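Data block below; observations after.
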Amino acid sequence: MQTKSPDTAILLLSCLDTQGIVSDVSHFIFTYGGNILDSNQHSDVQTHTFFMRVEWELSKFKIPQEKIAQAFEPIALKFGMNFKIQFSNTLTRLAIFVSQYDHCLYDLILRNREGETHAEICLIIGNHPQMKEIADSFGLPFHYTPMTKETKDEVENQQIALLKEHQIDLVVLARYMQILSPRFIEEFPNTIINIHHSFLPAFIGAKPYHQAYARGVKIIGATSHYVTQELDQGPIIEQDVTRISHRDSVRTLVIKGRNLEKIVLSKAVKLHLEHRVLPHGNKTVVFE
Amino acid sequence: MQTKSPDTAILLLSCLDTQGIVSDVSHFIFTYGGNILDSNQHSDVQTHTFFMRVEWELSKFKIPQEKIAQAFEPIALKFGMNFKIQFSNTLTRLAIFVSQYDHCLYDLILRNREGETHAEICLIIGNHPQMKEIADSFGLPFHYTPMTKETKDEVENQQIALLKEHQIDLVVLARYMQILSPRFIEEFPNTIINIHHSFLPAFIGAKPYHQAYARGVKIIGATSHYVTQELDQGPIIEQDVTRISHRDSVRTLVIKGRNLEKIVLSKAVKLHLEHRVLPHGNKTVVFE
Amino acid sequence: MQTKSPDTAILLLSCLDTQGIVSDVSHFIFTYGGNILDSNQHSDVQTHTFFMRVEWELSKFKIPQEKIAQAFEPIALKFGMNFKIQFSNTLTRLAIFVSQYDHCLYDLILRNREGETHAEICLIIGNHPQMKEIADSFGLPFHYTPMTKETKDEVENQQIALLKEHQIDLVVLARYMQILSPRFIEEFPNTIINIHHSFLPAFIGAKPYHQAYARGVKIIGATSHYVTQELDQGPIIEQDVTRISHRDSVRTLVIKGRNLEKIVLSKAVKLHLEHRVLPHGNKTVVFE
Amino acid sequence: MQTKSPDTAILLLSCLDTQGIVSDVSHFIFTYGGNILDSNQHSDVQTHTFFMRVEWELSKFKIPQEKIAQAFEPIALKFGMNFKIQFSNTLTRLAIFVSQYDHCLYDLILRNREGETHAEICLIIGNHPQMKEIADSFGLPFHYTPMTKETKDEVENQQIALLKEHQIDLVVLARYMQILSPRFIEEFPNTIINIHHSFLPAFIGAKPYHQAYARGVKIIGATSHYVTQELDQGPIIEQDVTRISHRDSVRTLVIKGRNLEKIVLSKAVKLHLEHRVLPHGNKTVVFE
């Protein structure tokens, strides 16, 4: 949980597991006057991969922010690391995609307004015009991008152009009822978060509440994941469930599910914005 | 939740939904001096089926216990009901099937000893000899029925004979690692309860914890259901889940899952023993 | 859960427990052509009190809506019942009181807009002017009623007058940071619902998140209850909890708690609006 | 979660928060050939205290096990650390205190047998003779120590002598219905774990299920904590809750509560045995 006041750097890294990584990383931070606020690590025993997240205060750090990545390069090279350094004083630039359901949209906007998520909502993109009113009421820009089978390619090009123009860091599909093309997904690897209204891998695809009703389960769920080429198969970031009973109709499942969808999507987005999620193949390491 | 002291009758019924059912049933009970302690009903709007569970005190009831079903026949005929009348002073006769994992077996025995479940454990049947010691320590009869592909038919015949001889009302598969033959299942419709160590319909079949680990889910579950011909497809009685993380290995999933398996199986058995479960096609109505 | 289409009557009653109540009530409904959709009962063994909720379709009911209560009187007299008959086609008239926190206000408005709650929000009353903007954006009337120790009596008189003028059925305190006077509470018995941001009876009174932080609990909660003369002591309608850890500061408890407050308050309001809650001394019977 | 095979060292430390701690600790481990498997840290901002848990493989570590603490002393001195080094190949020596309820006792024994907890149950001490049978059935030593007001001092002396003689590391009060004297508690600081059958700080003291029933809460809980001089006020290690309703009697609360008590106590004991708990004043830091 980032604290409000001090500027911090957050380093996320992964590499082949070996000795000396923590020692070198913490020595690097100490040498230049950084005070470690939080540090987490994980070793995946199957793939021998090491993951780390470390956050330190920048107030007395002797390397200027824009040169830290460069200064860290030698250590990264030594261990063959993938790494990324981010800063608490830099807001993540967010685009929200939405169709006709507004509950996740409202939830994301309101949490952002209350300071719960560390992001700037730069774009709301929708294929139904009535979302404009909501965007307007919060002073947020809305782009109406209706789509047919015939225009899908062209409209996606517009959307991609919009995302690039606004230097979007994270795309959130807030119950966006369109399947993104492989081409679109490739442009934004591990930076598109979707909410699926079932406890994946149960009830993949369309109408999961109808599927859950038909199967007679006693619990329903929601799953937030990064979007990959395979439908509903991307790395899971967060899931949650709620109890149901024979009294529930599909309609009441939808109502109970809305609660879950909001909570699970917002939690996943928040974890991503706090740089706590490391995708790893089809799974995630989440440093809470 | 049955109270300890007063003898009660529990009527479970289902029929086509129409007017006057509750009125006739409650009038029947009132006329003969019964005091209704608990009553639940449900209408399935898709199939127009009406379900009811009603429990009443027998102390002043004017019809002797063994003749109540017969006295109720006219109402059942009028509405075309399926019904069953059971009595709190009659213990359900239980058989527990087990393989090499003992946690569910212990859990069922201990809850029964503490008076949590209203049943007599008449038989423990196992295909691994080491469970005998546990059965012995509680003074319960153990039958060792090892099985190979070649002997399966014959051994199942022995098992069925045992169940019939001991007038077993409910069979509980407490992590019994054999698939019952269709013939076996047919003999005991909706009276075999199984525990599957996943959140069905996710991870059907073998090694669900391995499947969950491979998929990278953030929550695992357990499901208790009546056994039907299709593997892991029977009517679900109870499910529960627990949160996991990237830190969990298959081994720790197994440990966390054991907790769930015990709780979910015992809950389902308890609901069945209190005559709260009405199967309905591939689903259940559970009057908690 | 009320279904959308058919008009229904909902009868809530309590009386001394005796034989024949269910029989008489269901006979009454059947006689006049009502089809029972849902029925629940409960007997409190300590006080020998019987509680019932029964809901039936009105489409073919032979008594006009406005005369049903009168027609039921003889049965009520016979058993000495407290009873109330309400109708699904009559919207409950709601007033929401709010201070400077807007999350519960938004949550109540949005759920109402989505048809999740069966009510008309007639008034929003607040002692902080900035809530007007939110009310305006949804076209809801806002009344600004600032209050000092000196003006409390007078302002409460205005508020009570407003509630009466608008024939308010239910008052919801959506994180309203004022303690209502005994006089105010007396005017609206069991029709004021409050949300307290702790797991009552733990952490009564001011700053419960600070109290929770100081005590080092591992779980925090929220409680929704009817307001009575004793602070935070009224009949509890709904509670829920969420897990926390040593990593949480008071600030993150507040954020996690907001989620709970919204869910618990909305759930309690929904239960009340569906006429599922029967207060009983300092407790409630909730027929879910 | 410790893995089964490799021998590891676990270092728990706390000190005033300052720069360079992680760097020095990880450098120490690296220098002597240790491979860090898991590392966690926490800074308490109110008291400026730093907490750390680090676990590393011993297979190639150049310092023999019994000399590691000594070798670490200079770093501990530099930062003014409280620290403790423990080893996965050393079983914690456990004593379980029990009265007439056996569910927690069974649960602790069975989980230990299944390898879920890393401990040796050396003593079972009880003030009711019937627990002997359970202890016997698992081949565990039982000491019967009945107690009256008059003999309390003397009996406690015997108990303390037993604990010392058997070099007990951890005392678990498994629903032990006696209040330990201050003198007893002083002998075993932060090494006595109790289970209280409520969601503390709600319902402190005797008969919490009766208190919960009287208050009409919708959720009950259980709390495991280190025993300190003030009753039910010690540092909380773990809590959990379960949902109840108006249908529950005190008797069914007791049954539902037993489930919680077992789970919460075993979880707390497991966390302690894996050296994941650092008491801090009246709170705990738990590195899960």
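For reference, chains read A, B, C and D in written order, and residue numbers begin at 1 within each chain.
Everything below uses one rule, namely that a residue touches a chain if its C-beta (ideal position, glycine included) is under 8 Å from a C-beta of that chain, and two chains touch if they have at least 3 such contacts.
Remember, it's a predicted structure, so these values are computed and weren't measured experimentally.
Common neighbours of chain C and chain D, listed by label, are A, B. The minimum number of touch steps separating chain A from chain C is 1. When the C-beta pairs in contact are tallied for A-D and for B-D, the bigger tally goes to A-D.
The greatest centre-to-centre distance from chain A, using averaged C-alpha positions, is reached by B.
Inter-chain spacing, taken between the CA centroids of chain B and chain D, is 36 Å.
Mean C-alpha position of chain A lies 42 Å from that of chain B. Counting partner chains per residue, chain C shows two or more touched chains at residues 3, 45, 247, 249. Only residues 3, 18-23, 26-27, 29-30, 33-41, 43, 45 of chain C touch chain B when the two sit together in their complex. By the touch rule above, chain B contacts chain D in their complex via residues 1, 3-4, 103, 106, 110, 114, 116, 137, 247-249, 251-252, 255, 258-259, 263. Chain A contributes residues 42, 44-45, 199-203, 215-219, 221, 235-241, 245-247, 249, 280, 282-286, 288 to its touches with chain B in the complex.
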